[in-house]
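As written, the chains take the letters A, B, C and D, and residue 1 is the first residue of each chain.
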Amino acid sequence: MKFINFINNLDKRWIYLILALCIIIPFLFPVGFPMKTTPPVKSIYDFIEDSIPEGGVVLIGADYDPSTMAELHPMAKVVAAHALSNNLRVLFVTLYPQGAGMAQDVIDNVLREWNKSNPDNPKELGKDITLLAYVPGVSAVVLKMGEDILQTFNEDGYGNKLSELEVMKGIKNYNNINLMVELAGSSVVLTWLIYANGRYGLKMGIGTTAVSAAEYYSYLQSKQAIGMLGGLKGAAEYEHLLDEKKVYGGRKDASIGMDAQSSAHIFFIILIILGNIAYFVKKRKEGK
Amino acid sequence: MLKGKGIPIFITFLTGMIMIISFFIPHKPFGDIEKISLTWYSIIAGFTMLLGVDSLIGMHFRKLKRKDENWFFSLVLIIGFTATVVVGIIETVRFGTAFDERSYFTYIYNYFIVPLQSTMFSLLAFFIASAAYRAFRARNFDATLLLITAIIVMLGRVPLGEQISPYLPKFTEWIMQVPQMAAKRGIGLGISLGALGVSIRIILGIERSYLS
Amino acid sequence: MLKRTLLLILFLILSISLFSENDSLIFLENQFPCEGFYITGRDIPNDGGSGIEINWSFPDSLDNCFLTVLRRDEFGNNSVVATDLLVSSKQVRDVSSDEEPSRVKDGIKYYYTGILSKKIIDENLLNILKEKSYLKNGTYIFNNDTFYVTSETDAVISKASWFNLSRIPVLISLIIIAFVFLYYLNLAKSGKELYIRKINGLDAVEEAVGRSTEMGKPIMYILGIGYVTDIPTIAGLTILSRVSKKVAEYETKILVPSYDPVVMTTAQEVVKEAFTEAGRPDLYNKNDIMYITQDQFGYAAGVDGMMMREKPGAVFLQGLFFAESLILAETGHSIGAIQISGTTETAQLPFFVAACDYTLIGEEMMAASVYLQKEPMMLSSIAAEDLLKVFIMLLIIAGFVISIFAFGFNIGLFKNLFDHLVNALQV
Amino acid sequence: MAISTNFWIWIAALLTLAIYSFLYKDNPFYKFAEYLLVGISIGYGISIYWHNTIITKVYNPLVYDKNFLVLIPLLLGLLMFSRFFKNVSYLSRIPIAFVVGAGTGLSVPSSFEFLFKQIYATMPLKLDIGSLIIVVGVISTLVYFFFSLEHKGFVGKVSKVGITFIMVAFGAAFGYTIMARVSLFIGRIQFLLSDWLGIIK
């Protein structure tokens, strides 16, 4: 009864405290709630895993900014890490100036984590991975890349001549790229789908925010995209898949975020159930 | 005559009618009227902002002078305000615009305004919890329904829901697309009719409380 | 024979003349077959002028080609309208955009030429083409790339329309609605009694103000983060007028923290007038209606702090609210105030319902000032709104019935009917 | 990684904590952050206003484009100051009347557009149980908003159905939003633990 009374007169601050803990603890001690992978995520993973020969090229479009970073940043990290683990080459491209900072952060992070967990197979900037310099023009850039990537950019995002970089060896245009994964929360995804996929037949996967995911489902159905990562959940599923391979030790941002989300949601539900139990017990007592 | 309500009510009537008519006439000058009136509003609001600043800063000056209980915080407010304006002016002189990346004005934005705003915003995570705790009680049929849909949708959004049943996320989507959408449209239709009612009452001068 | 020779000479002269201007631009004929491709231009209907739309028709084989559109005006100035459009996009509009102010002027003759290419067009080529006063239609080669120049369109003149024909359905319904409103207005004038149903939250206004006065606490009225041009804010101001009249009658204090300075000044007028009407102009204090800041979360922080310190007994949240709605309502709840909220933002209503004692949902809030005043003229507008609701319901039911016949029984007549109905609704 | 040595990160972190202290109770730290935010944001607002309005909407058109039309809102804006002088303070009603007139006038056509869009969206483009539920839901919700009829008898029953729909919608919207709100806090935690304390990499 004491407990019921406590619940009935619960001070909000207990709720605040427990909620904060529910969210903070997964960051310090990742839980790893079980997760089912959905077909759109699995098909991107499988494509990189099985359909690209060693030395193949994955292009990642980083067309997002800090406002959607929470959802899309983990995707960029995990896809890049996966490609490296299969000894593929990774190129980042961005159509917006803010994207360059995002991509550089991903490259730094992934290289550092990779080399820490795989000292016997080190990866290098310029040899295995790089960022193509930002060039204004959006759809014009996408189109030019279909003709000649080296001419479109000239340099990488760090000021090196592309023609001198090992990572660019044998890459002329989209024909030499095995898969493009476009990460964006805006309609720039369509630019890539229409021009790069539509005109040049570039194989594409999409990574987008949970809000925009519904919008792009039709492109999966029409087979214009081979797969899609939707929001934190999509990124977490991918991390889960990569984790089973046990080759990469980087922090699983999306899974942690998802853990925090899940524990918060569970807490909400327990809270509501407790509140109702207390409410009914009290009502019955008062009814007597 | 100016002191009465007649002239202002006529002005409201006239501007209101011009706005409505211009919706149907793309020809100049009517076609641009919406854009122009929004520009005008921002100019008028800009001047009025000085009244606002006068109101706020004046109040805190008075508190400071009277050494009110919270005078120290009023001082913080006034310093924050003055410093931002002064930095804005200095950096405008230095870089041509205060919004330059090297400008300290940008620092104020990035390291004061952004964290304060986003932390205020994130308080919602807590408030939504306490509101849910209090409000989601199965008091009657409707409240129970509210509670159940909330829980279903909440579960359908996280992986846990999929573990419980693969249909849960789909059902969530259905709730959002069908019953949720239906009520939202119904409310929306009511709102647009209500807005029409308010507008017509004001343009015709039936409702004049705003003019005192 | 003579004709052929002449043609050959003409061709040579032309190619030489082209050649002499630029080493790499070569004129060829019929190397890039583009039969069936032609472009047309026309004034954009129903606009305010300064706009021309260019359409083209094309055979499927050109689906994947690029089209660049050039414009020549009657004075011979050339400019580029758009480059590298996908042919399958069918249309482009030559209008002013935010970045580029109006380039098309009304009343001037324009001629458009299209350039078809398989690859995206070279910047240098574009500059060369821009310099030319006239381009013969046919196929050219530049740096080994072939491209095809269409023949020029007829002269196109842009003009402004005096009436937007696509908005006729709106005009018709506006006229109908105006009649409905006027009809009820007349009814009210002739003295017919009009009814308004009970609105839950509003009967509590008196109680909230009264209880707050008993406890010796002020009232707080929050108008949200809208501007005076937003209808919910205006509705909030009209409710403020009625509430502050009660406040004056109870001789208590009303605090109105504002987000927009124009809203603040208007609120000052409203409260002052309400106090005067209630016969207590002496109680009015301009400083109680104060400005906070025009920053969504700065405003929320300021109002929250004010609530914690002034501890109002009743909090009204009436106007336009976004994410800050729950921040304010939860703080209001935690100080134990009676809260009456109302907004038209459907996304925020669930939070108000959860955190406040009473919530006016959407239209209820718009009708609140009528409910609080209950003047016949005001009531008439509510009755008119209700009649319109009946119209809308009938329309929706009719649409549903027609669709049953159209899709369920597959009757062509109803399919047409349904299409007409749907088209009429697309504004 | 270790704790940040960047002065600005520290400021942002301490201000973040000051705001969170409000969850415990109102206290001087929160007050400090609150007053500072209000003060800075209003200063920032004025600067933006100067940049966006005075320069781009008044000065430039007046000086470069010789667009004297902007003198009208300028005058209307100045009339707002009449409230500083008791004997002409009624003049401030003129700009208010203009602004309210413009707002209501603009809302009439846009309400229509909204109305048409909502009705259009309710038209069942395909025939299934979902469309039927939508039609029933929209109509019963509208009945709930009948003001000139007493809600009893048939109307009362239908409006009850309307309330049910409204409640389901509110529950769903509430549940749907929780994730986004929790994400906001996750974002701040990431900032505190990673950028500031460096506890997590």
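The rule we apply is simple: a residue touches a chain if its C-beta (ideal position, glycine included) is under 8 Å from a C-beta of that chain, and two chains touch if they have at least 3 such contacts.
For clarity, every value in this text was computed on a predicted model and none was experimentally measured.
Considering the contact criterion stated above, the chains in touch with chain C and with chain D alike are A, B.
The chain pair with the larger count of C-beta pairs in contact, out of B-D and A-B, is B-D. Distances between chain centres, each the mean of the C-alpha atoms, put A farthest from chain D. If each chain is reduced to the centroid of its CA atoms, chain B and chain D end up 2 Å from each other. Between chain A and chain C, the centres computed from C-alpha atoms are 34 Å apart. Residue positions 12, 16, 20, 23, 261, 264-265, 268 of chain A each touch two or more of the other chains. Chain D has residues 19, 22-23, 31, 33-35, 37-38, 40-42, 44-45, 80, 83, 93, 95-96, 99-100, 102, 104, 106-109, 111-112, 115, 119, 122, 135, 138-139, 142, 145, 166, 169-171, 173-174, 177-179, 182, 185, 187 in contact with two or more other chains.
In chain B, 20, 23, 41, 44, 48-53, 56, 70, 113, 116-118, 120-121, 123-126, 128, 130, 132, 134, 136, 147, 150-151, 154, 157-158, 184, 187-191, 193, 195-196, 198-200, 202, 210-212 are the positions where the chain touches two or more neighbouring chains simultaneously. If the chains shown are joined wherever they touch, the resulting network links each chain directly to all the rest. Residues 10, 12, 15-16, 19-20, 23, 33-36, 233, 236, 258, 261-262, 264-269, 271-272, 275-276, 279-280 of chain A touch chain B in their complex.
Listing the residues of chain A that touch chain D in their complex gives 13, 16, 20, 23-24, 27-28, 70, 210, 232, 251, 257, 260-261, 264-265, 268. On the side of chain B, the complex with chain D involves touching residues 2-3, 5, 7-9, 11-20, 23, 34, 36-37, 39-44, 46-53, 56, 70, 73-74, 76-85, 88, 97-99, 105, 107-126, 128, 132, 141-143, 145-154, 157-158, 174-193, 195-196, 198-200, 202-203, 210-212. Of all the residues in chain D, the ones that touch chain B in their complex are 8-9, 11-13, 15-16, 19-20, 22-23, 28, 31-47, 49-54, 57-58, 69-70, 72-74, 76-78, 80-81, 83, 90-91, 93-102, 104-109, 111-112, 114-115, 118-119, 121-122, 130, 133-142, 144-145, 162-179, 181-182, 184-185, 187-188, 191.
Listed in rising order, the residues of chain A touching chain C in the complex are 12, 139-140, 143-144, 147, 194-195, 198-199.
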